[in-house]
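There are two complexes below, and they share subunit A, which is joined by subunit B in the first and by subunit C in the second.
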Partner chain A sequence: MVRRVLSLVSARIAAGVLFVIVFLAVFGKLLAPQDPLAGGPQQLAGASWHHWLGTDYLGRDVLSRLLEGSRISVLGSVEVALIALVVGAVPGILSVYLGRAFEWLTLRVADTLIALPFLVFAVAVTALLGNGISQAMITVGVLISPLFYRVSRAATLAVARSQYVEAALISGASIGWIVRRHVWVKVLPPIAVALAQTVGIGFVVVSSLTFLGIGVQPPAPTWGGLLASDLRYLHYQPYAPVAPIVLIMATVWGCNQLADAIRDVSGEAGRALLNTRRARVNRVADREPVSVEGGAR
Partner chain B sequence: MTAGDPTQKEKTMTPARRTPRARPATWMAALAASSAVVLSACAGSGGGAAAGGSGGGSPTLKWAASYFPTHWDPVVGGSGAQFRELALVYASLTKTDANGNAVPDLAESWKYNSAGTEVTFHLRPNLTFSDGTPVNAAAVKDAIERAKTQKNSALFGDLTSIKAVTTSGDLDVLVHLTQVDYQIPLLLGERVLQVASPKAAADPTKLDQAPVGAGPFTVTQLIPGTKAVLKKNPTYWDAKDIHFDNVQLISASDPSTVVAGLQTGTYNFADLPASQAKAATAAGLDVFVQPGFNASNISVNVNKAPFTNPKVVDAVRYAINRKEFVDKLTFGYGQATDQPFPPGYVAYDPQSGDLYPYNPAKSKQLLAEAGYKPNQISLQLVTLTDDPAAEIVQSQLAAVGIKVSIKVDKNWATPFFAKDLTFSLYGTTGRDSAVQTLTAHFGPNGVLNLSSPYEPAGFEAAVAKVRQTPLDSPNYAKVLQAATRAGLQSKALIFDYSAPNLFAKSKSISNLPKNPAHIDWNGVTISD
Partner chain C sequence: MSADPAAPGYAGPGRPVLEVTDLEVHYGLRRRRRRVLQGVSLSVARGETVGVIGETGSGKSTFARAVLGLVHASAGRIRIDGEDVTGYSHRQWRALRRRGVVQYVFQDPLRSLDPDLAIEESLIEPLLVQGVGRAEAVARARRYLARVHLDEDLLRRLPGELSGGQRQRVTVARVLVTEPALIILDEPVSGLDSANRVQVLQILKDLRDSGVALVFISHDLGSVAGVADRIAVLYEGEIVEVAAARTVINAPRHVYTRLLVGSAPTLRSAAADRAGRDALRARLRV
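This part shows the complex of A and B:
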């Protein structure tokens, strides 16, 4: 699966971008050239050898704050995706096998959650439970989970009615064995697509919340928070928002490209697509060279 | 139109001959007209100066307010910055002039008895509130008593000198005092006694949503927290000095959009954070500083550890570098202060200047003497908003070995005014009566005293002495500064800087009177 995804150029670029972002999230603190929380006398200074991206309104090094801020932003989006996966996919698969009451109940819960605006709800929950990134991310993860519920349920339904699953049931296989052996492998590709998309959505949500000052307490840097403070001093540093914007856009773009690539190569259609591409490449490679004159004619 | 009118003659020309020749001209005229419309629209959106008027209608003040009133009942609103917006609707007994002296507003004159324990305000005759209720002595008595007794009053603590209010005839209000207090005419100004119609105030909840006063304007539409539309009040006693007919008061919660709003004509007047002053000046707007008494502070609760130890409080005092606040937060418009007044104000005590200069070494030494190792003290600084001042406090205290975490709490007001917080930030826009400023900060029940009921020794006596001193006494400044000195013995407040009262306006609005801390619209004009 991984090899098939990486056979696409767009996937390789997206993976490269996301690798850099994850690298920054893990090692950002170590890479930061200066203390991201230590202010200096040079307020809102432009780029210099000492401060590659200038300084902020309290004289702190912007590059160091961006590097430090990557961890919260990335971890928050991953947290959203994993919570949504666990809360959504497990009941999605089980709803096919655990009887009509469980199915009815989970479907109604999923319908209810879909109706709730997750950003507004996250703001409300942080107001209620305290201003923390975990509270906000758990809320958003739960509210996005119907996506995984529906994806996994649809894939499971398709597999559950296939003849080899029915044969396994007749021959006495347990539900758990069938899910592990037959269902999971079929459900995995659409879940992987949803997961990549959800990380992107989670990133937008984290950036939006931190832009509004929700989820983190100052002076902890985040990309959304940096963007918000940059906008307050736009007349002094009109270029300042570019760096956090580029990082946010690159991350979301990478997640979406990866989701597209997984979708393109998964299932029968994906295999057919790859085979067609390979065949086309082979045909071009096998073709006899054409003379310049012939080509011109 | 007469028969000899040339325009009429032109209209009577034969259409058959005129139409073919007129067509290109008509197109040209239409093109010119549409170009004019487009160009005028561009001029209107791009030029701040052109945006000042009302676009052809009667002149309108379009005020973007960062402090949009949360309450329109002045008794609930209190003495804070939003009194400026409420002053559009409500008049008060007195107001202040450019020197900060009390001058007549609804009261034409006032007179103390010889003992200084009673003051009689004589009202202007034949005035009415905008709902038609007469502005008389009974209405003023009702306003004072409501401020003293209403359950959710934010003003009762400022009126402790008032024992009772009686009336004499229709126009005389007698204010009986619990002590000699010559501050009363200053106190009963716009910050403490904006007078509401007693008929409307019979239901304070309704008044809070539909204000009725005798001020220069009346509210015609109020969208809570967002926008208020007002029109000129023809029954205002000084209506002849109000030179524009309409006001739109708009909440501008995001300061970064205010300058753009002023440039496009969405607003023509706004209060401005210092960070936006450069952009406003570059946009060709009038940027000006209205004189005032602003002072920001770090509030500590001496009833809670570790501030129960005076050496820890002093360590925090010596750790504060006021210059950094001024440089990074006020962009050159503010000044450092270690008192609840800016330097130069009559109540500022020069003897107490620089009482606790920035000295991190001494701060560390005091912490060691108090028995604390570096980073042993962890404090939570609770603020209402994401305030850069909190980050400065955090970094300055970190430098001396005090760990501070910042908590932004949207419900900050509840624990702060219940005196439940240990460590916080606050500030004042001042009061017309310096005594009111002092008691609010250092008094046992002061709203800005996080350590209530704590008060510094000798403060009450010093304040009483100020109250007993007539405002025109040659000793007044000396006595007042002595009271400030006594108040500054308080361990509960550490003053750091004075932010400017910064405003930006379209050039179409004439200059405002320089009444300190006030926004007075009398005499101000808005050109089209």
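This part shows the complex of A and C:
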């Protein structure tokens, strides 16, 4: 699967972008040239040799704050996606097999969660349990989980009623065997697509929450928090929001590109697409000697 | 067990592998409840092939699914290989299926093979479920692939890369690997061209000769006539006639059987013209 995904150029570029983002998240603190929390005398200064991306309204180095903020932003969005995956996909697959009572219950829970506005609910939960990134991310993850529930349930339903699953059932296969051998492989591509999209959504949510001052205690930096402070001083530094916006956009773009690539190469349609591309490449390769001869003349 | 081949309980010369008595199946609940099978009795012995013939909606596939435990029987008894399976729980059915006593060949071989699994994986699956080691399962799969006249190099291919005839032979090989006593075949040759049809029918004849009991479900009397020892005619959920294949074709007793024989273009006895068939249909409606 990984090899098939990476055979697409768009996927390789997206993977490269995301690798850089993850690298920044892991090593950002070490790469930061200055203390991201330490203020200085030069407030709202432009780019200089000492401050590559300038300083903010308290004279703190913007580059150092961006690098330091990568960890919370990336971890927060991954946390949202993983919580949504576990809370949504597992009951989504099992709802097809564990009887009508479980199916009814999980469908009603999913319907209820969809109806709740997650940003408002995250604000309410953090007000109740205290302002922290984990509280906010768990809340958002649970509220996004119906996406995974619906995707995994739909994919499982399509497979569960297929004849090859019935053939396995007639051979005496257990539900666990059928899920592992037949269902999981079919459910994985749409789940991977939903996961990549959710990481993107998670980024926007983390940025939105930190923009509102929820989830992260000041003065801890995040990309969304930086954007919020930059926007307040836009008339002094009109170019200041560019750096956090570029990072957020690049990450969301990378996740969406990767999601599209996974969708494109998965299943029979994906195999057909790759075979067509391979055939086209082979045709071009076959034609090459002719064009070389033509060029030599 | 009756000694008369025309009796539903007659099960050929061997020990019965399948004994179905007064089987009744309903679909739906309360006001939507409708009868699909009623009073169906049929026995199949080792080395015998019984054809189950009927039009679409007559209950052929429901009969097969009831025998496999995939639908619940409202009444009647089902015995498989001497074991009364009528009131079996899910767990008991799974244990029975795992032994590989009864197997099923689907009508559409493309849809009955996992499109993402290589042929080898589909073939060895019933054995892996039984707990057979992978190496032994692969060796057995190769043996049975040869028995259905397929090359070993197909093992690495995906179902979509095989022809319809090859796929159907793969599905036959898949049911053979567990060495079942009874195989139910649901229209196994209906989607095949004549060359592949002949090849698959010959494989079924060889199977019967090796002592496997076969239930051949079809709407086409012509394809069953050459293989079946006996034929049961299913009409609106009831068996209206059971007799030796030759008798059903040459001297059909029931009006519906006569209509079927008259409508089968491949049968020599299909002499009924359009007017004759219309007359038979009119008699059925009365």
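We adopt the following convention: the second predicted complex is superposed on the first by the 287 of 297 C-alpha atoms of A that agree within 3 Å, B and C clash if a C-alpha of one lies under 4 Å from a C-alpha of the other, contacts with A are read in each partner's own complex, and residues count from 1 in each chain.
Criterion: a residue touches a chain if its C-beta (ideal position, glycine included) is under 8 Å from a C-beta of that chain, and two chains touch if they have at least 3 such contacts.
These numbers come from a predicted model, not from an experiment.
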item	value
Partner chain(s) touched by A:Y57 [first = subunit B, second = subunit C, both, neither]	first
A:Y233 touches, of subunit B and subunit C: first, second, both or neither?	first
Which superposed partner A:V120 touches (first subunit B, second subunit C, both, neither)	neither
First, second, both or neither for A:M249, with subunit B first and subunit C second	neither
Contacts of A:V185 with subunit B and subunit C, given as first, second, both or neither	second
First, second, both or neither for A:I170, with subunit B first and subunit C second	second
Which of subunit B and subunit C A:S162 touches, first, second, both or neither	second
Residue ranges of subunit A in contact with subunit C within the complex	162-164, 166-174, 177, 181-182, 185-186, 267-268, 271
In the complex, subunit A residues that touch subunit B	37-39, 41, 43, 57-59, 127, 131, 213, 217-219, 231-236
Residues on subunit C engaged by subunit A in the complex (per definition of touch)	68, 70, 94-100, 102-104, 106, 108, 111-117, 122, 125-126, 129-130, 160, 171, 174, 178
Touching residues on subunit B, where the partner in the complex is subunit A	255-256, 259, 275-276, 278-279, 282, 324, 327-328, 386, 388, 390-392, 394-395, 405-410
